[in-house]
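To keep things simple, chains are lettered A, B, C and D as they appear, and every chain counts its residues starting from 1.
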Amino acid sequence: MPCPLLAIGAIPLDAGMLAAAVQAAARTADASDGAVATFVGLVRDRNLGRTVQYLVYEAYEPLAIRSFERIAAEAAERWASARLGIHHRIGRIEIGEASIAIASASPHRGEAFAACRYAIERVKQIAPIWKKEYFDTGDVWIEGAVADPQDAAARQEALRRACA
Amino acid sequence: MPCPLLAIGAIPLDAGMLAAAVQAAARTADASDGAVATFVGLVRDRNLGRTVQYLVYEAYEPLAIRSFERIAAEAAERWASARLGIHHRIGRIEIGEASIAIASASPHRGEAFAACRYAIERVKQIAPIWKKEYFDTGDVWIEGAVADPQDAAARQEALRRACA
Amino acid sequence: MRVTVRLFARLRDLTGFAELVRELPPGATVRRLWDDLVQEFPAIAPYGGSISAAVNADYARMNAAIQDGDEVAFLPPVSGG
Amino acid sequence: MRVTVRLFARLRDLTGFAELVRELPPGATVRRLWDDLVQEFPAIAPYGGSISAAVNADYARMNAAIQDGDEVAFLPPVSGG
């Protein structure tokens, strides 16, 4: 089965498989890839001074996939030659396991790095995904950004972090 | 056999294995990893208008390994919590195959991305490695940067590209 | 008109519902639906300034008009990645 | 004194040698060795402004003094990655 570039699911992530899928995806440019950048986010054992036991992620899946599509379109608008893949895991995830894998392929490394970094920043800003932290003495929903894909300042901040 | 973090060899590269080795490497900080960034450089089918058939890389291996050690030390000085792995392939490499794989693990993504990007920039500046391009009508040694690890301007440029 | 309401993460925990069906007058906005929910579940009132909304799985503004049969989702601040 | 010279990439192609052994007077510098090689292989002269040097597999300046038995490498501009 071909690996979808944008996906959410409960199974463990494989950044290498995602990178291969991004490389294999149809190229719009006639230049071949010279660079693949990947990012993997791992569940950490500490957060805000608490000892974390595991996380549970949930997503509003159809909107999350649309958000990934939006992020990929934003990246393609800024870096025309880069292609993106974004896989997010949901359900219970243990310490040290991956919650997200992102891969970007491009003829040149600058675009590949920038698109990859931009994608993780935008996922954290606008993807309707939540994590609940189970620590030694309780559990808590983590709440970060107010999701607003139209927020130009947030997008600028993501571009800034992507070094664009 | 444990996978060395810094290596040069003629066998195909495996960025996932390198990323796993970097994650498994002894941690000096007491914070667990939350981010792994990888970069893979691929042999492209075009360069300067020529149709490339394949590349042959050669290295001055002991100095190349020392250069990787220097790059890892420079990165550790700048991003204390990030750990680096750098694998470079030598010998004949076909179009679409990887010539270099870099992985960086860190508690936070900013350091992981920056160290990874810094490493590829510095490899291109100071690693004693050369590629010979075999194209349809001949072959040519590619010559890029004059290697000088003491060149402060070059290091600044690598930091700038790493968005540091 | 009748709409399906989807609640996620802490909004679901606070209300006890992942999904609800509610009646609204024609032309009602997303904000009207939210205000109704706050009446019904006062514990979610503090989210008034930080929720996002989606209609039929697309982000929508609070002043967007709802149609009969729509699925309206309320989203607390996100924490994916 | 006697030193081993290593030549890489196009320097190797231009001279036809990957490795040479040459005699030098005591106290000779890396630059003196390079100048000797340019005398012997004029084709490499254009690299005078762009070579790097290493002594015993560590980068060295052209004015570094060579010791008997050292391995001195001359490196054209690099293109790894």
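Heads up, the rule we're going with is that a residue touches a chain if its C-beta (ideal position, glycine included) is under 8 Å from a C-beta of that chain, and two chains touch if they have at least 3 such contacts.
Nothing here was measured: the structure is a model prediction, and the numbers come from that model.
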| item | value |
| --- | --- |
| Least hop count linking chain A to chain D through chains in contact | 2 |
| Chain centre separation (chain C, chain D; CA means) in Å | 74 |
| Distance from chain C to chain A - Cα centre to Cα centre, in angstrom | 26 |
| Inter-chain centre distance, chain B versus chain C - centres from mean C-alpha coordinates, in Å | 49 |
| Shared interface positions of chain D, touching two or more other chains | none |
| Of all residues in chain A, the ones touching two or more other chains | 41, 120 |
| Touching chain combinations (by label order) | A-B, A-C, B-D |
| Complex contact set, residues of chain B against chain A | 14-16, 19, 23, 31-46, 95-96, 107, 109-110, 112-113, 116-117, 120, 161-163 |
| Contact set on chain C toward chain A in their complex | 6, 8-10, 13, 50-52, 54, 57-59, 73, 75-81 |
| Partner chain C, residues of chain A touching it in the complex | 41, 57-60, 62-64, 66, 88, 99-100, 120, 123-132, 141-150 |
